[in-house]
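What follows is a set of structures to go through.
First chain A sits with chain B, and in the next complex the same chain sits with chain C.
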Partner chain A sequence: MSRTVSLITLGLFFVSLLSGFVIIFAYHPSDAFTSVQKIEFLIPFGLFFRKLHYFSSEAFTFFLLLHIFLELSKKKIYINATSWNYSVLSFALVIVLMFSGFVLKADLSANAAAQVAYSLIKDTPLLKNLLPLFQDSSIFYYKFFIWHILFLPLILGYAIYKHTKTLHVEAVYFSIAIGLSLLISMLFSMPKDIILSSKAKQLSSPWFFEGAENLLLKSFSALSINLILITPFILLVAYFYIKPKNIARILLFSWLLAYSYISVFLS
Partner chain B sequence: MLNNTRRKLLKLLPFSVAGVLTYPIGKFIFFSENKNKEFQLSLKNIKDGITKIKKHDIFIYKTPDKIEVFNAHCTHMGCILNYYKDKKRFICPCHHSQFTIDGFRIKGPAQRDLDKISFKIKNKKLFIG
Partner chain C sequence: MKLKNILSLLALLSLFILVFSIFSNETKIPKKITKPDQCMSCHADMSDIDHAHPKEIFGCASCHGGNKWATNKKDAHRDMVLNPARLEHVSIFCIKCHKNIIKRISNSMMQSQSGILNVLKYQWGESKELNSTAGIADIRGDTNISLAQNHFRKLCAACHINQDEKIFKNQKVARGGGCSDCHRISKTKGNLHAKFTTRIPTKNCLKCHNRSNRIGLSYEGVFESAGYGTPYKHGDFTHKMSDGRRFYYNLPDDIHHKSANMSCIDCHSEKGVMGNGKKHYHMEEAEDIKCKDCHKPHFKKANTLALTLADTNEKVPEPKIIAYTKKFNSPLYNIQKDGNRTDFYRKIDGKKFNLPKMSDKPYHTLAIHKRLDCSACHSLWAPSCYGCHEVYFENGKQFDWVKRKNTKGQWQELRSFLRFENPSLGIGYNKKIMPFAPGCQVIGTIFKDKKVEKFHSMAMAGWDPHTTQKKSRTCVNCHFNPASLGLGRGNLDIKDGNITFNPIYDSTKSGMPFSYPIDAFVSAKGKQFQSTSRKEARSFNRVELQKIVGAYKCIICHDSYSDKIYKDFNKSKKLFYSGKTTCLK
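== the complex of A and B ==
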């Protein structure tokens, strides 16, 4: 079960990567929203590839979480410390990649999410020095685009390689990953893009940042929110070294429970 | 002996090059251009009440007696505010902070009034920035 899930996860990573590679050719950061709309409504098979990219990425994240859950429920860790740490790095990179992808759709909610992320980084000591890596004065989406299509996938690919020792996916698992992505793409529709000139009463963020958004509503500081967001990654790294694994499991589960509660009920 | 030293030096070369290049690469990547640029608007085009200049993310509040220019970003997390004419309020679509028509904070997680932007009036033109 655990091996199957990890191989499907890797397969979904490649489906997401390949479908994203197709979209790059029609995406223009200088006119991001228009290009996304052209992909969806004008270019042949544009909607198909956009949906495939969106749902394979979502499925990849879901399977990654399932993979983590299954590994944590094992009595023993079967990989070394380096491999473990690269797996945590991969998880963090996936979240950043998902967020940058959300921003690149360039609608009103994406714009707001980018502004909130800027503010969270700007108002946090040390992190604020990283702001120029994402911020650009002339083309808003350019640096997000570069990170999303180039640096982050490269670093993620390397981290996955260091974690799994291979980037080879057996044909059967790749087929399952493609089949699954296609099935979800056909069954579900994507969230609608909100045009930039509209006056939306409520803008939503990516689902994994709903908790952070709700804490912002309650006037939590940027520093405290960043600490809350970084906690599971610190706990996951610590998990390898903590001897009674149950303590680490309880801590991680408590964080997950608390964050889920905040995400769903605190708005 | 000489060969050995040369080999050691050659091994150190990539690290030395990387070390020397770190500073210029860092300066290049972290360069941030000042976004605040001056621009001008004709007063004729600005009606009484609130005018949003989307290109520059500002709101201009004009009455027969005064003009004020506000940054359109919420002072909480920077989302672009919506102006509701019926309520005469700016409301943030992200975390619901509210501000009066003249920029004062009413409620919500924002802790400050809206940021005012300096401007000058010259020859029936508004110079902002």
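== the complex of A and C ==
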């Protein structure tokens, strides 16, 4: 079971990677929103590949969380410290990739998410070095684009390789990953892009970001929110070293419950 | 079944899904890609809004929003706005081209209604200042609503330029809609888009300017009469207004209306109407045009704005040398100099008229009349609504035009009587002598749970009533008519150089909560009875009254400006005081 999930997760990573590769050629950071709309409505197979990229990425994240859950359920860790730490790094990179992908759709909610991220990092030590990424609106999307299609996938690929010792995925798992992504694509709709001229009152941020946004609305300091956000990653790293494991599990589970509550009920 | 077999089955199923997906609706492309937006695939036959916004350039989405790339109705219409001309939308859709105008109109008095609100609060004793509020935006969120604000919300705020048109039960009198309140001349019907214009017809202005000082009605020679509908015509009520509730008489219309059928926009510049960007508290601060701007114009080369306005107008020829307003230097592109001739072009249709210039005859140059505003002599009549009985039922309910729903408190307006002739004169907001009329005389009754409270606020206001005539009021009409002097209606006499006056109206016997006649602005001894809505405005004082009435000694014989004594009045005075005239013989 655990191995199947791991391999499907890897398969979903490649589906996301390949479907994203197709839409790279139709995406223009200089006119990001227009190009996204053209991909969706005017370019042949544009919507097909956009949805495939979106849902394969979402499914990849879901399977990654499932994989983490299953591994944490085991009594023993079967990999060494380096491999474990790379796995945590992969998890963090996936979240960053998901966020940059959300921003790249360039609609009103993407702008709002970027604004939230900007607010979170500008007053936080170390993280404020990332501010140039958000500045200079004329090349804002170029920066995110380059990170999203090049640097982050390369680093993630390397981290996954260091974690799994291979990047090979069997055809059967890859086929299942494609089938799963397509099935979700057919059953569900993507959240609609909110045009920039819209006066939408309720803008949705990426689901994993809702809690941070709610805390920001409740006037929590940027530093404290960032600490909350990196807590699970610290706990996951610590998990390898802590004995007994139950303490780390309880802490992680408590964090998950608290953040879910903040995300859903604190708005 | 082994895991491997299950996985193989799932892989096979995935291939089916892949094939199915490829042939699904989502992989279809639109049959036709249209320009400038995909909206044209359905709305290609929609007519243009005006000549400045052709759909071939602007499409639909640049004004109405929605998703201009979408190829299905649901996505295309998501977040679309029906009326982008509303002020909350223009800052999104129109700002790229109309930034300057949007800033100005957002601060304009038609948007803020600061004039009405400030005067109400001042006259009802809720503020000692005449500029205590910036207007409707200031009060929108108020929960502790004063009596004056309540009155404003229920009886005045309907005339807000950004009012929601849909909430009017009688759509014939619907107002608001932002820019479309003034600029729209027809509504959308089928594939005929609503038409917009800068050639704004007077009827659009009249949607609002038909109450209070009623300048819009007066300009067209319409006097709102008492509510009885008399005198009856052919056994039926007299003329009914379009709202179906009020009656009117036909009186002489304004000379500009009568001689050239001019519209409001022929005089009132775009800056005067839409504001100059600054927040104003009262009409005269925002108003741009003066009689002299047209009738004693100063000309300059047409600037870019003038050329743009003329181009947008389409009817007025391209200007070269034009008049400008003195106050805001606004181009009057329809007043053009052609050699020695000054041409006036009617904005609605571009018809050319010869513009009469102000003469240099004695009546315009006499030093003794230098304090007169043009309107003091040339306004024939002014609608004067005396004694407005405002009844307030605290437990009643009435529509609040700011909240746009029924709220507690209900007002009813009743009035004592109406007059139009011999408007009172006084010192206006511009420190010049101008016509005055009640503005407003409120006798209020407040019905609370178990008690009744009363209040009154008597005020006169000075304004140009827009009943201009070529021929001015006569000397006698101003100098000996007690109504014109502000004393009210009655008998005026002069005994031993002192003015005596017996009024017709007896306020005490009429049950009024004050003793002076309701139509009296001032007593014969110069005591001002009623307040005004401007710091500078007042009635004539005792010295001024005696001076005006004292002129009877000359006017009794020399009652026309054509009289030779006015040709050189200073010389005539010298001759008089040296006893060299026949006057004292």
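Going forward, the second predicted complex is superposed on the first by the 262 of 267 C-alpha atoms of A that agree within 3 Å, B and C clash if a C-alpha of one lies under 4 Å from a C-alpha of the other, contacts with A are read in each partner's own complex, and residues count from 1 in each chain.
Please note the rule applied: a residue touches a chain if its C-beta (ideal position, glycine included) is under 8 Å from a C-beta of that chain, and two chains touch if they have at least 3 such contacts.
Keep in mind it's a predicted model, so treat the numbers as computed, not measured.
In the superposition on chain A, A:89 makes contact with neither chain B nor chain C. Shared-chain residue A:51: touches chain C; no touch with chain B.
By the document's definition of touching, both partners, chain B and chain C, reach A:199. Legend: residue contacts after superposition of the two complexes on their common chain; A:185 is shown touching chain C, with no touch to chain B. In the superposed pair of complexes, A:172 makes contact with chain C only, with no contact to chain B. If you count the residues of chain A touched by chain B and by chain C, you find the higher number for C. In the superposed model, A:133 makes contact with chain B only, not with chain C. Legend: residue contacts after superposition of the two complexes on their common chain; A:42 is shown touching chain C, with no touch to chain B. By the touch criterion defined above, A:218 reaches chain B but does not reach chain C. When the shared chain is aligned, no partner comes close enough to touch A:59: not chain B, not chain C. Annotation: chain A residues 197, 199-200 touch chain B in one complex and chain C in the other.
Those residues of chain A that touch chain C in the complex are listed here as 4, 34, 37-38, 40-45, 47-48, 51, 171-173, 175-176, 178-180, 182-183, 185-186, 192-195, 197-200. Across the complex, chain A is touched by residues 3, 7-8, 10-15, 17-18, 20-22, 24, 26-27, 29-30, 33, 38, 65-71, 75, 78-79, 88, 92-93 of chain C. Interface of chain B with chain A (complex): residues 29-35, 54, 73, 76-80, 82, 91, 93-96, 109, 111.
If you check the complex, the residues on chain A that touch chain B are 108, 111-112, 115-116, 118-120, 129, 131-133, 135, 137-138, 197, 199-203, 213, 216-219.
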